[in-house]
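To start, the structure itself, in structure tokens.
By written order: A, B and C. Residues from 1 in each chain.
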Amino acid sequence: MDKDILIEYLPLYKDALVLTLKIGWQGIFLAFVIGLIGSAISHFKVPVLKSIVGVYIELFRNTPLLVQLFFIYFALPKVGIQITAETCGVLGLGFLGGAYMIETFRSGVEAIPVIQTESALSLGMNDFQTLWHVILPQAISISVPGLLANVIFLLKETSVFSTISLMDLMFTAKDLIGMYAKTIECLFLLVVFYLIMLLPISIIGAVVERRMRYGQFGD
Amino acid sequence: MSELLKVTHLHKEFGTNVVLKDINLSVKKGEVVVIIGPSGCGKSTFLRCLNGLEDIQGGVITVDGLPVEAGKRDITKLRQKIGMVFQSYELFPHMTVLENIILAPTKVQRRQKDDAVREALELLDKVGLVDKKDYYPRQLSGGQKQRVAIVRALLMHPEVILFDEVTAALDPEMVHEVLETMIALAKSGSTMLIVTHEMAFAKAVADRIIFIDKGDIVEETEDVKGFFAEPETDRAKKFLKTFAYE
Amino acid sequence: MASLGIDVLFKGTNFIRLLQGLWVSVEISLISVALSIVLGLLIGVLMTVDNKPLKAILKIYLETVRIMPQMVLLFIVYFGTTRVFGWDMSAESSAIFVFTFWGTAEMGDLVRGSIKSIPKIQFESAFALGMDKIQTYFYIILPQTIRRLIPLSINLITRMIKTTSLVMMIGIVEVLKVGQQIIEANRKTSPNAAFGVFAVVFLLYFVVCWPISRLATYLEKRWA
């Protein structure tokens, strides 16, 4: 491996990482918001909206992000919806992630036994007080490992952004290999930068999951 | 004494499965009523109906003259008059003992926090758990959790408390501490409806025994000692025999 | 509908070509899933064996696969091996290799999870009956594990199919690539073909994956 090449390419990869993170976090934030709204809709069984949420989940969980991106980026302009590649990345990631986040929040709420609700009701609390003081705090902490897993999954999925010409890590690696054929160096940097991006979150995820499983409240 | 809880012609079914048929009962203030009967006889469902956790298909339940109806808007007001303690304690795992106890008094009854805390500590002291006030439920034994659950129900100052097999999930050595707490409560004049399988306890605490089988009140008597010595009906005899070894 | 470019699909053999492209993805997934299930069963059982070095190696393997995007793995295998070892691995073999490498780890973890979810007392009661380890696994543990595993491995199939969309990046002509070719060829006569073609590709993926995930959900509920 050529050290000079590594040093020469480093800034390019750094820029790519920044772009990936920027789009990644915006997309994940969108996914989070969609997840909260969607799970609230399905929890309270809002008519009509509930069915739309159901169809949305099935559509986006059963198609690849790459195909979703192609549709948003190449097909929508044909019906007059023009968006930039960056916005397309954020939207694609947000919609895909939203479908997963809804399920995560929902299973968090469903994991709380019904009798906890009954116990709150028997103390005279109303539905909202029960949700706010008893169900939500438990549901959110149950959802944390799932949410972190979604974050990792979505950051990994950003690797397809290169297909819509976003200069992310994958794009940079592919481009450099194509131009200068320094394959080993390029692949090495690619792996290193994905590790920089994903390893910390992955470790946090593992710690949180262990705490959830063994610790819970009061340790 | 005045009539606190009144049940007339209560009918409850799950689909086609009739669980309770034509139950009539009235409980006076300060009375301790123990409900016994074989598993699946409907006695737990009966308690859940009294607290509006189950909808009913017929009859009327009133507490202090006000009707209990599941799903009605003012059901929360009624539930404040009716405390309930569950077999599986159902403390809220994300709150400490003290937080569990003062949650409903401060949020539902809007009592001053200081006032609620002071009373909570008094009651915790009575059940010997004041040193555990900052513990989380999972750090407590089953018996301790159940005593906290009882204190939690008491702090709402309910007119009547329902106990649904509160010792059934406990290890044998912890049953006693919970029953002691309940006996002390009975002596202090609380109105209680207790579903239990602890016959010795039932005998000790009850003012009245109600024996339910297959959704019916089969036998009802204030002669508690007499019931356990020689029940009138064959079904009650058969049931009591299952607790004896010869 | 002409303005939305759906018409392009009915020209000549275009739709058939798209389906053929889809089959390329499905074929790669099915081969990879089949290999992953067999290897995953083995790896999964190994993951439950009490041997520190073995456990560490398998843990590293699993975490590597979990943390690296499949696309990176594809690039390493497709471009890297040629460079380092001088192997001339075809794109298809690279894809099958990478997806099997990934699938085996995922499957192995599912198998490990299912075995671990079997109460310890089941092992103990089998031992108490005088069975040895192999007999215990074969007669007692695996039959219980497989029930839990089937829905989970069916889910793996849909994940695999969705992931195979990446293989266009290493030059395999699958459904998305065919779609691009069709759009390119009809640029003049049907400028809006992109909408029709990509909408159809989107739906094709859905039509393949949706029934499979429904089946998995159904089995999960039924056998839970």
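One rule holds for everything that comes next: a residue touches a chain if its C-beta (ideal position, glycine included) is under 8 Å from a C-beta of that chain, and two chains touch if they have at least 3 such contacts.
Since the structure is predicted, the reported quantities are computational estimates derived from the model, not experimental observations.
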Point to revise | Reference chain A; chain at largest CA-centroid distance | key: B
Revision key, fill the gap. Busiest interface, counting C-beta pairs, is A-C
Study note, to complete from the structure: Taking each chain's centre as the mean of its CA atoms, chain A sits from chain C at a distance in Å of 20
Review point. How many angstrom between the C-alpha centroids of chain C and chain B?
Key: 54
Practice item. Mind checking the centre-to-centre distance between chain A and chain B? Centres are C-alpha means, answer in whole Å. Key: 47
Review point. Which chain B residues touch at least two other chains?
Key: none
Review point. Which residues of chain C touch chain A in their complex?
Key: 4-5, 63, 66-72, 75-76, 79-80, 82-84, 158, 162-163, 165-166, 168-169, 176, 179, 183, 191-192, 194-195, 197-199, 201-202, 205-206, 209-210, 213
Revision key, fill the gap. Seen from chain A, its contact residues with chain B in the complex are 115-116, 118-126, 129, 133-134, 137-138, 141, 216-218
Exercise for review: Enumerate the contact residues on chain B facing chain A in the complex.
Suggested key: 48, 51-53, 76-77, 79-80, 82-84, 86, 88, 90, 92-96, 103-104, 107-109, 135-139, 152-153, 156
Study note, to complete from the structure: Residue set of chain A touching chain C in the complex reads 58-59, 61-64, 66-68, 70-71, 74-79, 152, 156-160, 162-163, 170, 173-174, 177, 183-184, 187, 190-191, 194-195, 198-199, 202
